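Take a look at these structures.
What follows is a pair of complexes built around chain A, which joins chain B in one and chain C in the other.
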Partner chain A sequence: MKPFMPTRQRQAAQAAVAHSSRRGDGRSAALLLTPFVTLFLLFFLAPALQTFYLSLTESSLTRTNAFVGLANYALLVRDPSFWASLGNTFYFSLLTVMPLTALGLLMALLVHRFTRVQGWLQGAFFLPYVLPISVMTLIADWMLQPSTGVINQIVGGQTAWLADVDWAMPVVALGTIWWTVGFNMLMLLAGLRNIPRELYEAAALDGARGFTLFRCITWPQLRPVVGTALLLQLIVSLKIFGQTYILTVGGPFNTTRVTLHYMYETAFTHSDAGYAAAIAMAFVAVVVALSLLHALLRRVVAGRNP
Partner chain B sequence: MVQRRRFLGSCALLATPLARAQSGKPIELRMWTLLSGGDGARMHALVNAFNASQRAVRVVSTTLKWGEPFYTKLITSAVVGAGPEIATIHLSRLPNLAGGGVLRPIGEAELLAAGLRAGDYFERQWHKSRYKGASYAIPLDMHPLVLYYNKHLTRRAGLLGSDGRLAPIEGYEALTAAFRSARQRTGKAGLAMEANQSSFAVWRLWLSLLTQRKATLIEHGRFAYGSAGVEELAKISAWFTRGYAQAGLNYPASTSQFMGGAAAFMLNGVWEVPEMVRATRLGTLGFDYGIAPLPRVYHDASAWTDSHAFALPANEGQPLAPEKARAALAFIAYISRHSMSWAEGGHVPAYRPVADSNQARALMPNAEYAAAAHNVVYDPDGWYMGAAGPVESMASKFMPGALSGQLTPGEAMRMFETEAARLLRKAPPRY
Partner chain C sequence: MKQPSQLAWTVVGVVCSVLLAGLWLFPLLWALSTSLRPEHETVSAVFHWLPRVWTLDAFRTTLGAGNLTRWLFNSALVASLVTMITMAVSLGAAYAFSQLRFRGRALLFGAAMLAFLLPFEALLVPLFRTMNVLGLINSYAGLVLPQVVSPVVIYVFKQFFDAIPGDFREAAVMDGAGPLRVLWSVYLPISGNIVWAMAIVTFIGAWNNFLWPFIIVTSNEMMTIPLGLTQTYDAFGVRYAQLMAAALLGALPVGLAYALFQRRVTQGFLAASGLKG
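Now for the complex of A and B:
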């Protein structure tokens, strides 16, 4: 829609577009949407609603029992284990979201800059992402073994990294960064490649070079992609479960037990599916709230320097 | 032999359709076990022997991952009617499984028909396999916590008697002194014990000591041991913080420490016996070893134990056909009668005609710790108790923290109790 069109004309054009699509494409659109909508309803919305209902009941692992209203939630807000697990989840996110995005950006810039070895660099950076979690945790576990691991061979000493209160979470975060940074690199690289070459040429004609190019062209152009990368990373980091479950089993003494791990224990070890469902719903609320906060922050930042 | 013939006869009579049994097509029974390693191989051999001994029944055994994954799968499959016909379980989990509706009760007439008599089993185990007046399992064994010792190192530490066996140890001070002198006089570790995150040995030992003190674990839905809990954990922790035992070893590292001759004692269950026997036979064990029951530290020599048992999953909506139930019980009776090979796995058979046989009494090193079977203590009854159950899992998170010195015994107990309190108040789950 061209901005200089008179208002009435624009409205007419909009109506025409909407009308024609309704008349001609309505049925095929519905047809095309059906498979997705069916799957969405069947495998996402219905289970999600069922989880919500489950959270309002007293249920074992397999049997849905009495409706108890908000009792599970009332318990949840006073449950120190839940809050502690949420704290651990935030701590992990703090250790991973920014570093993963920053490192991904750095790697993308390197790949973009050194065109001759582009393929090799990109391959080397992306390779760990291909590993299944079982392999990644196995490698990390071997490297971190107290007496035989390569890490202790290098730094000396016999630190049991994964059993150390101060080190367990940072070490898991480090492993995760190594494992998943390739994805961020790829996303940011795509963003870099979308910046029109003419911008750089024009800047070069104006005498800009080096960091000035990055500050005045690359960064402003890339900012939306970085914002998206941060948001996706935040969600992925909050959803951590596998790495701590396999590497530390939530230890030492629950200091790396994240929210999803607590939910898992509640459902499967304690056989309390109703309470586990309440944890799940509360966690969804937290993730959604943080994502909205992130979007709001982006808008504020974008508003300040357009 | 008589029992088997009777079984085969009744099977042929009642099998439906009759023609199937006569045409020689065997009844197939699926069994899920959580037995791995040496136990798994031994059970596999027993199943093969049973299958070869007759043609009417064929048992197909599947091994699943020990612990919570096994029980989750058993529970979820049994309640939707997709479980196996037979499962091995821990008797410590029976209140949870039978009370939750996961297992099918075994009627008195069925027991009788299969030749399974209460009097043939140790009373304690038979009693543990019952829930609210009905049998839900047939006990196979018990596997208590025992004290392994390296004769070479304990002799150097002056701890052996003139008969070459461990001189009796009584009381905490004597036990601590034994670990200390072994450590100081040999330079090796006094004690090898798994003590890392999520290890269970400390729970087993702690429960043994509480029982020896006559402290009650749980009463009226709350922990009732009072200060004894912290005191016993502190006593165990002292062995680690004073350096008699190495903190933080995981299970394989702790057994390697002992089997490699780097520790004078090892506190562990009897399931390591086959490894000791094997290493001795192969000549790879560089020392003679002995096994003693857990020492008497307080009023008696109570030692933690658990038992494997056979049970029939309830399989809701898919009740076990009578001929299949009969076949399953015949299989279980066969295993009981042939549990001598199970004894060679270190376990004490629950079936008395085998356990009391001369052959079993003469079996070494089992005979050395046979007395342990008289003072065993199980996890107390409760749906949250037992092998890989929620309370043991919580204990395994916090108690090892005291052994490594990361938590004081008081902190560890307080964290454990806080976490477990909600479970103790909760009603037993129905599955």
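Now for the complex of A and C:
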């Protein structure tokens, strides 16, 4: 209807819109935003600030006691349990970030290539991702049973995988890879679909095919998406808690007790909310620092080949 | 004609696909095979891939004993409430951020987007204390409320609204519609797809949430499925046919939702990851 409107009439209409929106906007915005702002303040902003404040106090789970300055942080940097938990967290990340991204890429390439069965293939890879964590842990626990588990039937041993100091974390990592790789596949698949067809057609005219196409077109085009996938996966991996808590409760000998597990124990088992808040702050610092580092690296790389 | 190298790649691809798809489906199929046996077969010294005697006993016992049906009900209730409230709150906020001009808009939106950066896990202790003060520990309200603050959903809706041509709004305002009316009868009807996608993703996320119920729930009757399934040793003992039946029953609703709405689900997850609208 708009294209047929004479210019003068249209200007008047636009003025009317601008006027009426300016008049009613404030009140409507207040009405529409009040629910969100209330919930946001109560359940995000206030807790965020409170985490920082608590970390400067000596507090129990329900009671805030004396202000102690940076004492909790001083304790933290000399706490071997904290560093061990951070080490375990990074070990888990090492075991998951690259494999999840590489396997996700392989799956995305397969789904992208075999268009006739892509619904089924994508479904098989993605299905575990929509299931609750405890479905994964229950099945993993059953498959990993020392004498009746199917894994030991296949490999022909009696290993108690989840109680083994060397095997516990890798096995948790494997369960996690099965459970979450679908998401990485999905992201990378979206990246693949965004690559313009003409690039492939032009390269094919030049005689490129097979792996050359991947190396010269797919990979350079996909690299930013792979970078994002790696970072997102790193952050998700650092936040590991449920898998180890349910499957091993941090054992054997605390070899799978990760940072969030240590924070949970400090707060809810030992009722030391002040110290737990300091752990939370340190954890946030690590996550934010890595995100910033990633952004910085990207800028450097982008500056090198514009 | 196909080049030999191309054919070789195709063969490698087919082998990889079959292998990986089989590997990825195997745990679920194995759980199913376990759940369809009588309990004594799961501790039998002789290994069998398939049940010797097929039976639904494990499912019957699981549904009859313990709180499994209660956990399913709790999950359905909590996930539905979280989804409905998140959609209502986020649509309103996103529309205000996208289309209305008011003081403090940029500041407020920036603050909301801060929540992207801060992991929810860092808020657990103060959130628990807040719930304690409000007397909401171990309650449905306590389970639902912290889950409805979702900056990602607001961001996705705002992006979508930003892309709608201003003509739609102009036409409605010329007809004398106020801002709320415009949201309701102009913006919502054309946002059906994205609202659907985000609603399904929010529902699956809330259904699967483990961490928050783990913190806030203190009694067996208030547990949701992800949490309850970790308590099954107490409910059913170490009986793997029943445990696998319970796991499959807990997986069924979300698995079914995915099977029915595969495209919406993938679209929603992609939008939520901030990569694609």
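Everything below uses one rule, namely that the second predicted complex is superposed on the first by the 257 of 306 C-alpha atoms of A that agree within 3 Å, B and C clash if a C-alpha of one lies under 4 Å from a C-alpha of the other, contacts with A are read in each partner's own complex, and residues count from 1 in each chain.
Note that a contact is a pair of C-beta atoms (placed from the backbone, for glycine too) under 8 Å apart; a residue touches a chain by one contact, two chains touch by 3 or more.
Treat the numbers as computed from the prediction; the structure is a model and nothing was measured.
Undergrad: After the superposition on A, what does A:Gly250 contact: first (chain B), second (chain C), both or neither?
TA: first
Undergrad: With the two structures laid over each other on chain A, which partner does A:Pro80 touch: chain B (first), chain C (second), both, or neither?
TA: So A:Pro80 only meets chain B here.
Undergrad: Pick one for A:Val165: touches chain B only (first), chain C only (second), both, or neither.
TA: Only chain B is touched by A:Val165; chain C is not.
Undergrad: In the superposed arrangement, which partner chain does A:Pro146 touch: chain B (first), chain C (second), both, or neither?
TA: So A:Pro146 only meets chain B here.
Undergrad: In the superposed arrangement, does A:Phe268 touch chain B (first), chain C (second), both or neither?
TA: A:Phe268: touches chain B and chain C.
Undergrad: Check whether chain B or chain C contacts more residues of chain A in the superposed model.
TA: Greater contact footprint in residues on chain A: C.
Undergrad: Is A:Ala289 contacted by the first partner chain B, the second partner chain C, both or neither?
TA: Touch partners of A:Ala289: none, neither chain B nor chain C.
Undergrad: By the touch definition at the top of the document, which applies to A:Val135: first (chain B), second (chain C), both, or neither?
TA: The answer is second: A:Val135 touches chain C but not chain B.
Undergrad: Answer with first, second, both or neither: which of chain B and chain C does A:Leu297 touch in the superposed model?
TA: neither
Undergrad: Who does A:Thr62 touch here: chain B (first), chain C (second), both, or neither?
TA: It touches chain B and chain C both.
Undergrad: Would you tell me the residues on chain A in contact with chain B in one complex that are also in contact with chain C in the other?
TA: 61-62, 268
Undergrad: Sort out for me which residues of chain A touch chain B in the complex.
TA: Touch list, chain A to chain B: 58, 60-63, 65, 75, 79-81, 146, 160, 162-163, 165, 248-254, 265, 268-272.
Undergrad: Using the touch definition from the top, list the residues of chain C that touch chain A in their complex.
TA: Spelled out, the residues of chain C in touch with chain A are 3, 5-6, 8-9, 13-14, 16-17, 20-21, 24-25, 27-28, 30-31, 34, 42-43, 47, 88-90, 92-93, 95-96, 99-103, 105, 108, 111-112, 115, 117-119, 121-130, 132, 145-146, 148-149, 154, 167, 169-171, 173-174, 178-180, 183, 204, 207-208, 210-211, 214-215, 225-230, 232, 240, 243-244, 246-248, 250-251, 254-255, 257-259, 262, 265-266, 269-270, 273, 275-276.
Undergrad: How about chain A: which of its residues touch chain C in the complex?
TA: Answer in residue numbers: 1-2, 13-14, 16-17, 20-22, 24-26, 28-33, 35-37, 39-40, 42-48, 50-51, 54, 61-62, 106-107, 109-110, 113-114, 117, 119-128, 130-135, 137-140, 142-143, 145, 148, 150, 153, 178, 183, 186-187, 190-191, 209-211, 225, 228, 232, 235, 239, 241-242, 246, 260, 263-264, 267-268, 273, 276-277, 280-281, 283-284, 287-288, 291.
Undergrad: Can you list the residues on chain B that touch chain A in the complex?
TA: For chain B paired with chain A, touching residues are 68, 72, 75-76, 79-80, 100, 196-198, 248, 384, 389-390, 393, 397-398, 400-401, 404, 406-407, 412, 415, 418-419, 422-423, 426-427, 429-431.
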